[in-house]
Amino acid sequence: MTRLRVRDLACARGGVPVLSDVAFTLGQGRALILRGPNGSGKTTLLRTLAGLQPALRGTIDPGPEAVAYAGHADGLKGGLSVAANLTFWAGIFGTRDIAPALEAFDLTDLRERAAQNLSAGQKRRLGLARMVLTQRPVWIFDEPTVSLDTASVGLFARAVESHLAQGGAAIVATHIDLGLTADVLDIAQFRARAMDDPFATGVA
Amino acid sequence: MIRLVARDLMLAVRAGGGFGLGVAFFLIVVTLVPFAMGPDTTRLSVIAPGVLWLGALLACLLSLDRMFALDFEDGTLDLLATAPIPLEGVVAAKALAHWLTTGLPLTLVAPMLAVLLNLPAQGFTWLVVSLALGTPALSMIGAFGAALTVGLKRGGLLLSLLVLPLYVPTLIFGAEVARRGAEGMMVSTPLALLAGVSGSVLALLPFAAAGALRVNLR
Amino acid sequence: MSLWEYANPARFMVLSARIVPVSGGLAALCLVVGLVWGFFLTPDDYRQGSTVKIIYLHVPAAMLAINAWVMMLVASLIWLIRRHHVSALAARAAGPVGIVMTLIALVTGAFWGQPMWGTWWAWDPRLTSFLILFLFYLGYIALWAAIEDPDTAADLTSILCLVGSVFAVLSRYAVNFWNQGLHQGASLSLDKEKNVADVFYFPLLVCIAGFVLLFVTLVLVRTQTEIRARRLHALNLRARMG
Amino acid sequence: MPDLGKYAVSVLSAYGATFVLLACLVIWTIWRARRVARRLAEAELDMTNQRKRPRG
């Protein structure tokens, strides 16, 4: 079963097209690793898939309502506890129980700690734990392993694996080896041609 | 949505600034007016409704730039935009939280400050009614301005420049209700117009503000 | 060929380059003829004396102040709905022209009001509305200037223009309610042309034509400039991205 | 020169102010048009030169 089908997708950053003719399908239980040099448009592609920015053209099927997105920032409130942060998102996504999310990212012992007193790695884990609460089939991560140590990267990989085992799918933009069985997509091949910019041709 | 309001209120209380700042500003403005206008109580009582409305309006403006800025910086807004609640709802919730921490306290302290300015006794009710009806519109218009400027580094001044002209109709009708109330005249016409302005602002601006937020999140 | 083809920047550049000399020349001609006719060859009004000559500046500027905003509104809508870049840039180009027209209307109004009403400024509904319109222009221009990304700026200013238009109309009615005013509106507006004697009316028409042509020329030139600036932005961005 | 009577100052000031404002607008528009056109021409030239040069 296909979880995500992308066809003929073109995206822009700052009004300038960076990617075009992006096409791939993501099956149930599959993970996709995005690779490409800095500035090649990984973040742009992921934000487009998450529905945060409109595509110039092309189709994404199903739409953003199937996608849970974890970007560079974790969206944590320092003044609230770990549990309160997660409970808020659980409420937004209509999930009751935050225990599985705490467990998956080894946060159970920290649940009453205020988010501002967490280490950078712990904050990241808290941010990633939110994905468990979303109950959405396709997880999208943009550089999820920043500030994570080896053990935490392992936690993250296991959480993604268990999501895949439950029939989900995942797209991860990362430079390190996560130890996941995954397809690799190099997005450098989708670099937009200059012609896509309405101001590409000379205007005298 | 309720959760969002509740969380914003909790964060405002924890941060401390939310409730106090606007009210304190309002108090200071009203205290300064007699120093500028002279202590003559008859003169003060004439200008009291206008001064109170203007003070409340400026106090509303103070905390606007933080309405979305914090959530924008820490990525919460990205996540809310991808969450299964409409962004229009997020805007409405934010405006409501802003009103509860700013507009509502201002409305409640306005009668006390009105005493300082010698507002005629018959004007108190209409002052409170006009503020209660008008300040939600001020918060919503402010939310629109904040949504427009959320991506900017120093958006605070620009925010005031954008929002203040939009405050004109609300101010005119709101202050008119308070003034006519203080003079013992009929208030029904401006009151109906004020309610109309507030109602349409609350009904329509969330869409414009959500549109602006979506653009800023790209 | 559909009208929308002109929304292509390159095509617009070619077309506007052809129009600008013509419209600019006609604008200069109309302004010279209209103002000379109005200033030197028309009599004084029996009531207003020589101040009636201010009409040739005040009325065209006031008309354009409002119509420039309407044009910006239309252009903003076209941008939001059909995503034509030229449309967004034309709206941006019209902003500074509109604010100068508003300023001219306000200043000439003050110079006219001083001898007629005995005051430079009155909180008359029309004057007040123009002052509010001036503030709207200011906010619109400032928002364009503040945002670096051109498409984001186009989107946000378009939304502001839309919302601002609604509030401008609302303010107009609010201000009317708030103060009934002393402007002898009827004698100055064209739809009630009977109130303006023919002797003033015809030079006024020529002046209006001159102002409109000047506006068109300036907006076209400024739109060209905005298109070039946009292209420059795209080139710089590409150079940075390598 | 027509006789403007007692309102001469008002009328002349209105005309003067208008001409100054319009002149500023026109001059600014032309100046900016020229400057942007020149900078774009330079940038286009750089661009073509870069393309001609072999990469490496």
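Every chain is named by a letter (A, B, C and D) in the order it is written, and numbering of its residues begins at 1.
Convention: a contact is a pair of C-beta atoms (placed from the backbone, for glycine too) under 8 Å apart; a residue touches a chain by one contact, two chains touch by 3 or more.
Computed from a prediction, not measured in an experiment: that's the story for all the values here.
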| Count the touching C-beta pairs: is C-D or A-C ahead? | C-D
| query | Cα centroid separation between chain C and chain D, in whole Å? | reply | 17
| Which integer distance in Å separates the CA centroid of chain A from that of chain D? | 49
| query | Distance from the CA centroid of chain B to that of chain D, rounded to the nearest Å? | reply | 41
| remark: Going by residue number, chain A touches two or more other chains at 202-203
| note | Contacts with two or more other chains occur in chain B at residues 218
| said: Can you list every residue of chain C that touches 2 or more other chains, as numbers and ranges? | reply: 152, 228, 231
| task | For this structure, give each pair of chains that are touching. | result | A-B, A-C, B-C, C-D
| remark: Counting only contacts in the complex, chain B reaches chain C at residues 144, 148-149, 151-152, 155, 158, 161-162, 164-166, 168-169, 172-173, 176, 189-190, 193, 197, 204-205, 208, 211-212, 215-216, 218
| request: In the complex, go through chain B and note every residue touching chain A. | output: 3-4, 7, 10-11, 14-15, 71, 73-85, 217-218
| query | Which positions of chain C touch chain A when the two form their complex? | reply | 8-10, 13-14, 17, 85, 149-152, 227-228, 230-231, 233-234, 237-238, 241-242
| said: Touching residues of chain C toward chain B in the complex: what are they? | reply: 132, 135-136, 138-139, 142-143, 146-147, 152, 155-156, 159-160, 162-164, 166-167, 170-171, 173-175, 177-178
| remark: Note: in the complex, chain D contacts chain C through residues 1-8, 10-11, 13-15, 17-18, 21-22, 24-26, 28-30, 32-33, 36-37, 39-40, 43-44, 46-47
